[in-house]
Amino acid sequence: MNVSRKSFASDNNSGVHPAILQAIATANEGHAIAYGDDPITARAVEKLREHFGEEIDAYFVYGGTGANVLGLKQIARPHHSIICPETAHIHNDECGAPEHYTGCKLLTVPSNDGKLTVEGVQRHLHGFGFEHHSQPKVISISQATELGTVYTPEEIRALADLAHRHGMLLHMDGARLCNAAAALDAGLREITTGAGVDVLSFGGAKNGLLIGECVIFFRKELSADFKFTRKQGMQLMSKMRFVAAQYEAYLSGDLCLRLAKRANRTAGSLAAEVEKIPEIQITQPVQSNAVFAILPKEAIEELQRQFFFYVWNEETSEVRWMTSFDTNGDDVMDFVQCIRIVMNKYLR
Amino acid sequence: MNVSRKSFASDNNSGVHPAILQAIATANEGHAIAYGDDPITARAVEKLREHFGEEIDAYFVYGGTGANVLGLKQIARPHHSIICPETAHIHNDECGAPEHYTGCKLLTVPSNDGKLTVEGVQRHLHGFGFEHHSQPKVISISQATELGTVYTPEEIRALADLAHRHGMLLHMDGARLCNAAAALDAGLREITTGAGVDVLSFGGAKNGLLIGECVIFFRKELSADFKFTRKQGMQLMSKMRFVAAQYEAYLSGDLCLRLAKRANRTAGSLAAEVEKIPEIQITQPVQSNAVFAILPKEAIEELQRQFFFYVWNEETSEVRWMTSFDTNGDDVMDFVQCIRIVMNKYLR
Amino acid sequence: MNVSRKSFASDNNSGVHPAILQAIATANEGHAIAYGDDPITARAVEKLREHFGEEIDAYFVYGGTGANVLGLKQIARPHHSIICPETAHIHNDECGAPEHYTGCKLLTVPSNDGKLTVEGVQRHLHGFGFEHHSQPKVISISQATELGTVYTPEEIRALADLAHRHGMLLHMDGARLCNAAAALDAGLREITTGAGVDVLSFGGAKNGLLIGECVIFFRKELSADFKFTRKQGMQLMSKMRFVAAQYEAYLSGDLCLRLAKRANRTAGSLAAEVEKIPEIQITQPVQSNAVFAILPKEAIEELQRQFFFYVWNEETSEVRWMTSFDTNGDDVMDFVQCIRIVMNKYLR
Amino acid sequence: MNVSRKSFASDNNSGVHPAILQAIATANEGHAIAYGDDPITARAVEKLREHFGEEIDAYFVYGGTGANVLGLKQIARPHHSIICPETAHIHNDECGAPEHYTGCKLLTVPSNDGKLTVEGVQRHLHGFGFEHHSQPKVISISQATELGTVYTPEEIRALADLAHRHGMLLHMDGARLCNAAAALDAGLREITTGAGVDVLSFGGAKNGLLIGECVIFFRKELSADFKFTRKQGMQLMSKMRFVAAQYEAYLSGDLCLRLAKRANRTAGSLAAEVEKIPEIQITQPVQSNAVFAILPKEAIEELQRQFFFYVWNEETSEVRWMTSFDTNGDDVMDFVQCIRIVMNKYLR
């Protein structure tokens, strides 16, 4: 298997967009004060304000797990609970970092499409004031979800209102926020603070950045002392300008949305082609850059010999295919062609 | 103050060495499996083995605090104590991350030169087996130290033997390991595992890398399950190849030592020039890339208006000046010239 | 409401059995070395060995949450997960202490009767070796369960075998272990280590003790360094003899089983009487000292004005009634009489 | 060695005062709601208010380590530091519980007499606002100290003022608070909140209680959500009435002060007698119930064969002798007689 062939395994198997790499090179001029007290970081934060609003408080960190964990740690004490769908990245893919480093309990809600609903959350909203019970404090959602689906602003607002009615906060894991924005044709602000989100992990590594994530607090009273939490949380980069420069470029001229749109579009193409193969069942609406599909186990194995990708659910024989900012039409056609050959062979 | 003027504030105010930047660009070819399961990471680990020995187990992480904390967490349980000099980075500069994230107690030893001695450590070696007392488990040293001094291999060996005699382990914070190696004209292996070190944080960001640090275990039985600790510890980079590529370049053709030598040499030049100014007292032997000096408070303030650097000790009016891989003779001369003018003005 | 009237709210609303109080008074002779290095503690451990086997390692702690958390902390590292029924005390009633103080993730299994099944556990047994996934390490069950049901030795053995096949361990919350033993007419050893349990929280406060709980490791290699974990875990009592004396008395002449039998018997009587009231539905098999029943919301409220007890499930109008070692036939008759009057009034 | 002979090892080697034991027996009447929602707990809190003031918020916990750790956890976040003398119980005798369970750094101040001074604390009061530095937040003192010395109200006030000027808080470990009050002939309020203390661990187990400690917040805004921290912190006792009843008795008719006075008085007698032996050097002012003395190593060993006590400092051959509420004049005379015989033998 040629690993460097563009895979459909994950959007973080792709590399760095040339404009991002150029921004890093450009930032490499002389000395700059470390830890973010430099002009590039200041400019990047300004760019964030353009997109998310003047009142934000934004902090760059190394990666997505760090962004989620420290953002949650900032708004929850250890006796609190965090409610998320059972498909959440914070529940499945961070090796228990949220529990270990926030001290909080995670409460999960079953979900077929990766989304939380008001009804689903409500069954965990009890025991307030009862000292034996972890106190519900945060609702956490991913936009786009781990299943490639996208919350509408109204759906987010409903969850935000539910949270706020109970003195709780709404956290968003935005590792693929731009894919969601591109899918909805909405602005970043509209689907975050505009819909009631309180704290956001705003990622870029799945959409053309080399490294870096940003924790954004939409109200300044939420971020008090966060700089200490970031440093103690091992997420303060010394040569900060090189993350900031990426974000500055990423947010300029809507590069972030253009890249996301491209990834979404090729996912759509892939889905459209795959749908023509009757033996393959697409299991989730293809709203961002993921395609989930059920196909025969033997076909999966044969296909994996040629393309690297992950089986999502062994039991149901469901796979996940993801497109990246650099996936193009030819890549999709190659892959689809390969799928067809394998399916024909298998079905024959 | 022109911040981008090469400062003598810190070796992480410098940028990225061109060969490192080139390595990043070269690594940006097509897709690669995320999280380190890629050929560049494999090659970088091979390079580490060339320098540190075949038997190592090495893990890339984001930064120095993460490397120290997770390396220590791996070898100590929360009821253990970690003995370090009171000048240690893990004690002063990581915002309590070691305590919070390992659960261990830090026990400090007074030190004039940033180094631990056998005698200094021994006063903490009691209470073994007594359940009310945090059990001494790790001795942690920095090489080079935070005061720019360098342990000889024999000094390290003495501490390693002391540790091992008590069932303890020796941890080394090697944020400036190459500066120490350059100073001693020794190999990296010789001053680490060759001298009895068990676990090492091997940094590069203070010597020309953009980002990244490496936790190296010198015996495989020490590293069991560390991959989970790294992921849970928010230090697993998705696009790992871009850190690995830096290390591969850094360790090729002894780039790491050449850069460190350069920084050490300019620190030596700076010290030699400053020594000629009788009103300035150099307070530490200049063995690596740091110069510590006492000068009049008013002179410090005037000088800081032109060059950014840190006061190390307000009380004693002591400053720290650091050189970087990119500091050159002209930078030193400019700075010395400025020091002379300020001192003359102040002394007049 | 007369609170000191024997309530059916919880078995820890009862007081201390006279023999236990006498043992405390008897232990109050002269001085004894603190923290457990005294002859009474030695004798109590000997009693534990009589019941649980020679090879145990036993540690007294203050209470049930401490016993569960520290027992689990001893056998799991933070990157591990702990699988329990969604009704577990460790999940619902310890305010997130297990997550905060072990660092582990809790994974829950839906359960109608408070018990785990092999099938229920198996859906969490995946992702072994995958660093993004909390590694399954412990299965935790309560005996008797929080719903008053009791595992047979065969059911425990099946879960133990499942755990051990996967390199995992079986933990038992035995806050009501004696009630289970009495229900099964089995020995304490038979339903713990005899059935494959690795670590046990052995409580007594719900069965006539004043305070105290015991963490029992059934294989000595599991308990290394636990004395430090207990002390650091704030669970080492200074005047240990006064907990040990209780356990010595509790385990002498099978007092523990006699008291449990009494509580179970009155629960049985209560259930038998309540079953005669057709409008009340008993929802769980009454195997130990709890009766779960659904009755009209208005009846619950009226009844609560006279007897203190808890609503288990607001939605289904289900209550929990518990009997204690000191509940007698008259108490049951009083309570049943009251229930009848209330139900008649409500139904009229 | 007859262990039950009244030892001079520790004040928690003594038993329970009869009035306390009686209070426990009296509390054992019928049922009471668990976890503190009972009339005895209400009365005990009322008694605390009589002694400490109406505005307190008080919480019973199991023991001293729990009281200290949870009190500190309540007022400090993990990025904070806690300043204490190097002799502090929280630093030496709690197996690192404060670091592990609060996440904070402990900063120690050298101390010859167990007390903190304003000057000693001040050297740690820097780095405010600097994110690399644990932020100083709490000053913690023990009253009486671990060396048996006692702070005057003025000394406490000076430390409180220092703390408050820096936005910090003053915590007091009052495991032997009554001994200090007795020594000063002062009220409990006068030497705590009256002198500026913000949070207190108020112990009794070293002065005649069986078990239990109380965390007292002197301003209600400091205690928000503490009930969750206590429960999650494994320090919520189910049968709370039995701790509360002890405190009610302890605080009635000044029993607590009478017992402390007795212990102090016998320590004074012991010191007076020992001072007559010229070869023994008393090393600390005997202000409460401890006597620290240097005597020849061989004499220590011989004496320990007859009386159990601890060597405080192996190097200096210093021992600690403590008296308890139940130590009487005859005990002192026996012990002194034994010391004399041993010293004579050794000196001959």
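Which chain is which? They are A, B, C and D, in the order written, and residues in each are numbered from 1.
Please note the rule applied: contacts are C-beta pairs under 8 Å (C-beta built on N, C-alpha and C of every residue); 3 or more make two chains touch, one makes a residue touch a chain.
If you're wondering where the values come from, they're calculated on a predicted model, not measured in any experiment.
Taking B-C and C-D together, the chain pair joined by more C-beta contacts is C-D. The most distant chain from chain D is A, comparing centres defined as mean Cα coordinates. Note: centroid distance chain C to chain D, computed from Cα atoms, is 33 Å.
Chain centres here are Cα means. That of chain B falls 51 Å from that of chain C. Among the residues of chain D, those in touch with two or more other chains are 78-79, 94-96, 100, 131-132, 134, 228, 231-232, 236. Chain D meets chain B in the complex at residues 78-81, 92-96, 99-100, 103-106, 126, 131-134, 314.
Considering their complex, residues 3-7, 9-10, 12-16, 21, 24-25, 27-34, 38-39, 62-66, 69-70, 94-97, 100-101, 205-206, 210-211, 228, 231-239, 242, 308, 324 of chain D touch chain C.
Taken together, the chain B residues at the contact with chain C in this complex read 35, 77-79, 131-132, 134-135, 225, 227-232, 236.
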